[in-house]
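Next, two complexes with chain A in common: one pairs it with chain B, the other with chain C.
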Partner chain A sequence: MSDQDIASAVGEELYRIAPDIDLEDIVRDADLQEEFDIDSMDFLNLVTALGKRFQIDMPEADYDEMRSFDALVEYISDKTA
Partner chain B sequence: MPSLGADMEAGTLIEKLVHPGDPVKRGDIIAAVETQKGAIEIEVFEDGVLQEWLVDLGTKVPVGVPLAMIKAEGEAETADLSPEPPKAIVADEDMIVVDYQTPTKPVLPTPAASPRPADRPRVTPAARRLAAQQGIDLATLSTQGTISLSDIAALGTKPKPAPMSDMRAAISAAMSRSKREIPHYYLSHLIDLEAADAFVKTTNADREPQDRLLLGALYAKAVAKALKKYPEFNGNFIDDTFQQSDAVHLGLAINIRNVGLVAPALFDAENQPLDDLMSAMRDLVERVRGGRFRARELSDATITLTSLGDRGVDELFGVIYPPQVAIVGIGTPRQQPIIHNGDVTARLSAMVTLAADHRVSDGHRGALFLKAIDKHLQKPEAL
Partner chain C sequence: MEYTRIEKGDGTGQVFNLADYDLTRATFSWAEAHKAIDGLPDRKLNIAHEAIDRHVAAGHGSQIALRWVAKSGARTDFTYQNLQDRTNRFANVLRSRGINRGDKVYSLLGRVPELYIAALGTLKAGAVFCPLFSAFGPEPIHSRMEIGGANAVITSSRLYKRKLKGLRDRLPELREVFLIDADEEGTTQLNSLMDAAPNTFVTEPMDPEDTALLHFTSGTTGKPKGVVHVHEAVVAHHTTGRFALDLRPGDVYWCTADPGWVTGTSYGIIAPLTNRVTMIVDEAEFDVNRWYDMLEREAVNVWYTAPTAIRMLMKAGKEAAQSREFKALRFMASVGEPLNPEAVVWGNETFGMPFHDNWWQTETGGIMIANYASMDVKPGSMGKPMPGIEAGIVELTEDGAKELTEPLAKGELALRPGWPSMMRGYLHEQARYEKCFSNGWYLSGDLAMRDSDGYFWFVGRGNDLIKSAGHLIGPFEVESALMEHDAVAEVGVIGVPDETAGEMVKAYVALKPGHTPSDDLMLDLMGHARKRLGPAVAPKEIVFRENLPKTRSGKIMRRLLKARELGLPEGDISTLESDEK
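Now for the complex of A and B:
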């Protein structure tokens, strides 16, 4: 799966949580929770959804590698490679 | 129409989930009503058979008006189902508003009595509601005949100012009443969260995301446990009397994006194991953000817990949600210099505050209550 496919999938899951935020308007390497104005419950729901969608393990110990949109896409890309 | 909070005076029936003749059980969701806070599911409180709906879809009625007739098991068939005309107001453009101040004496005309100019089209209630939400002026529509939901939907969506202002009005009413009636006092206490944070990390290490804990669940349980020893912060102040509650129905302040804030209850928080409480919190937050509540969740909370989360500030000074008598606020946890075992070290900590009703409690007990929350958070494995 290409990084672009992953990015659009992540975008879809984020849209479920934050439909008012346009992916075009965010800074992709800035803090994800800040950019999308999401709280820890939203983030947990995002990780739950992405873990299921890509069938990957996303342990809490790895959260620091998922702090921005770009980082999250890269993390999933590495895990699904 | 049940009361779904101290500030609610009327609601609109928007969904009937059972048909006349259907059996219903206590706890079943039988309808949804639209209030200032969004769509709320209505539970039934007895077993029986739903005999008849007494209010039409789209009809706005004051709190207290019967929505349906339910025949209890073994009860004789009720012969006279409509002993009095329901005090209902059809949501029609010719109707004005429910007289909120005197809901028991409606002075509104009946639908039949309201003249409708011949050239004005009929608008279905669902269409009217959507139009109101989307800021569409019905007078500008040139459609002949009946305007239905699909006609309005076809006009496309515009920004929706209505839900936001309704929620703002609800918050305004409750908070104004609080500041008018409740003599608040405030206390704060810095709580070391290293133990709680380590417990969450350890617990979550080998768990799937759907089973993971958040610190918020630990706060909720710690507050609920502390209340067992300090029950004067748990209950409602009604008719100049404090009615203490045995169960802790913990109102959880939940932010809804671009809409506002509600604080529905987590029921019996003191008796739920941590994992169950976490599941209940996830379910509640998801439903509330999706716009669906249960009636009791809005009316039965006995105290409120509000947490600023990861991206807030150090400390908050809560406004009590009447008729409750206390609100506990958790500031954003961050690394702070703290003297621990004689040395200054960086430790994860958060400022925890209490706003409480001076008619019911004093600062001395309030301080002990906050310290009890602290004590429980130092032993997370016992939560």
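Now for the complex of A and C:
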């Protein structure tokens, strides 16, 4: 799967959690929670949804590798490679 | 199931601030406790003087008061001397901009040093400080600023643009918007003013009963309530910090709560500083590794956190903690919602000490019932009343509150008013305030029981308020925001159980004719609610119904929605007029 496909899938899952935020308006390498105005619970739900969608394990210990939109895409890209 | 009592032994070789609960309780008086603060001449006082100036005067200016850890991990230290310097400057800035004694200064900031400086500088200037949670959306921010009559606010350009700018013409009393980082039209850049301001300031001598802090809390109906606290409250902050958290001068202490909520102010700013500890402030949100790093690297002695975070740590597994050494850790406490007994026991197995749960509310201003370092812990119990606090279980009869003294009798948890940090009122809402009292008891709204050893146990909430991740959320505020949406005919909002957050906000929506339920509409409603309320208050789940259960007077029966959600008995439904479909 290309990074672009992953990015659009992450965008879709984010839209289900924070439909008020447009992917176009955010800074992709900045703090994800701040950019999307999501709290820790939202983040947990996002990671759960992505783990399910990509059939990968996304443990808490790895959360600091998922702190921006770009980092999250890269993390999934590495895991699915 | 029954959990084994966690015994503390006879205390040999250990010294606690509260060494013997029964003895201290028997001999304690608030008048005596008052002597632990310095006060100002002529029976005046000021919280900020107790928190900072007196320590500097006593020669502790070079001790670190606040160690700030930025999201990047970079640390910045502020000594008591630095804090005195900065808060003096901030008080001078307020004065120079015409903000005076009694004016209301709000903050809308993440956990950055400016927030702590603004809080204490505001108090020095004799103004009233009101912290807002930065994850609030524009509507909760507007209602809280309008009710409190905010005169000034300190915020960042990012939060200003996203949440505050659009509200300004609806906030006529707001004279000054200070930005900590940039310049925007109609705002004042704080940094240049701080640099230019003198670093000396004569702290305002306040009357013990002068208002110091305004904290908002949610109600089941109507707007949020502005809870008024006075400068005298510092006596309770200081004492409870000593007894319930075992804070000692020189300790490294980490309170994970955000000052946007009362815990983050009473025990995230005031009590630690009056007790002259070094506070750790982490700008970032919860993260397992980061938190364990923080406890280990900063050599935290006392840690005050919340059930949601503890449950997330439990989920990550014991191993994550056991690869580390928390040699400095001496005491752990929890607040926000009742801590489940499994978590207390997990703490004991993982850290070699239990989490000490305690109970209090925005209205009580400080810890009321607690598990103490020297006292055995019964996992799942909130502990025993603080010295100086009389707690009881009452039932409401036609003649008002009547105490139930039978062990394990369930009733409303009530307190005898009179401690220093008790609220002095709900701002502009005398009737709502008076409704909290009956026959000399303050009624907490929580249901509880007391066992034969005097330990208190939480039973449930006596109202519709939702506790999510330790934050109290009023269903009415959420319902009102959803009602603004064109498609919505009626809404009922309840809290549903959530493994991690305790409860999660769920909305039941019935649509107006001409609208049909769909995934797109659900997301549209979700976006609408988030935009207005922010992530801390907006529902995490929205479901559609054709009709919601209502009483004859048209009131939506949240209680019934909840009973059905949980599969519980529906109870008395004699007032039900129109049922759920």
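As a convention for this text, the second predicted complex is superposed on the first by the 81 of 81 C-alpha atoms of A that agree within 3 Å, B and C clash if a C-alpha of one lies under 4 Å from a C-alpha of the other, contacts with A are read in each partner's own complex, and residues count from 1 in each chain.
The criterion applied here is as follows: a residue touches a chain if its C-beta (ideal position, glycine included) is under 8 Å from a C-beta of that chain, and two chains touch if they have at least 3 such contacts.
Just so it is clear, the structure is predicted and the values come from calculations on it, not from any experiment.
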Chain B versus chain C as contact partner of A:Y15, first or second or both or neither: second
Which of chain B and chain C A:M41 touches, first, second, both or neither: both
More chain A residues in contact - chain B or chain C: C
Touched partner set for A:Q33, first chain B, second chain C, both or neither: both
Chain B versus chain C as contact partner of A:F54, first or second or both or neither: neither
Chain B and chain C contact sites that coincide on chain A, given as residue numbers: 18, 20, 33-34, 37, 39-41, 44-45, 59-61
Complex contact set, residues of chain A against chain C: 15-16, 18-20, 31, 33-34, 37-45, 59-61, 63-64
Contacting residues of chain C [partner chain A, same complex]: 71, 135, 158, 162, 285-290, 308, 312, 315-316, 320, 468-469, 498, 500-501, 504, 523-524, 526-528, 530-531, 534-536, 540
Footprint of chain A on chain B - complex, ascending: 201, 204-205, 207-210, 212, 214-216, 255, 257-258, 281-282, 285-286, 309-311
Residues of chain A defined as touching chain B within the complex: 18, 20, 33-34, 37, 39-41, 44-45, 47-48, 51, 58-61
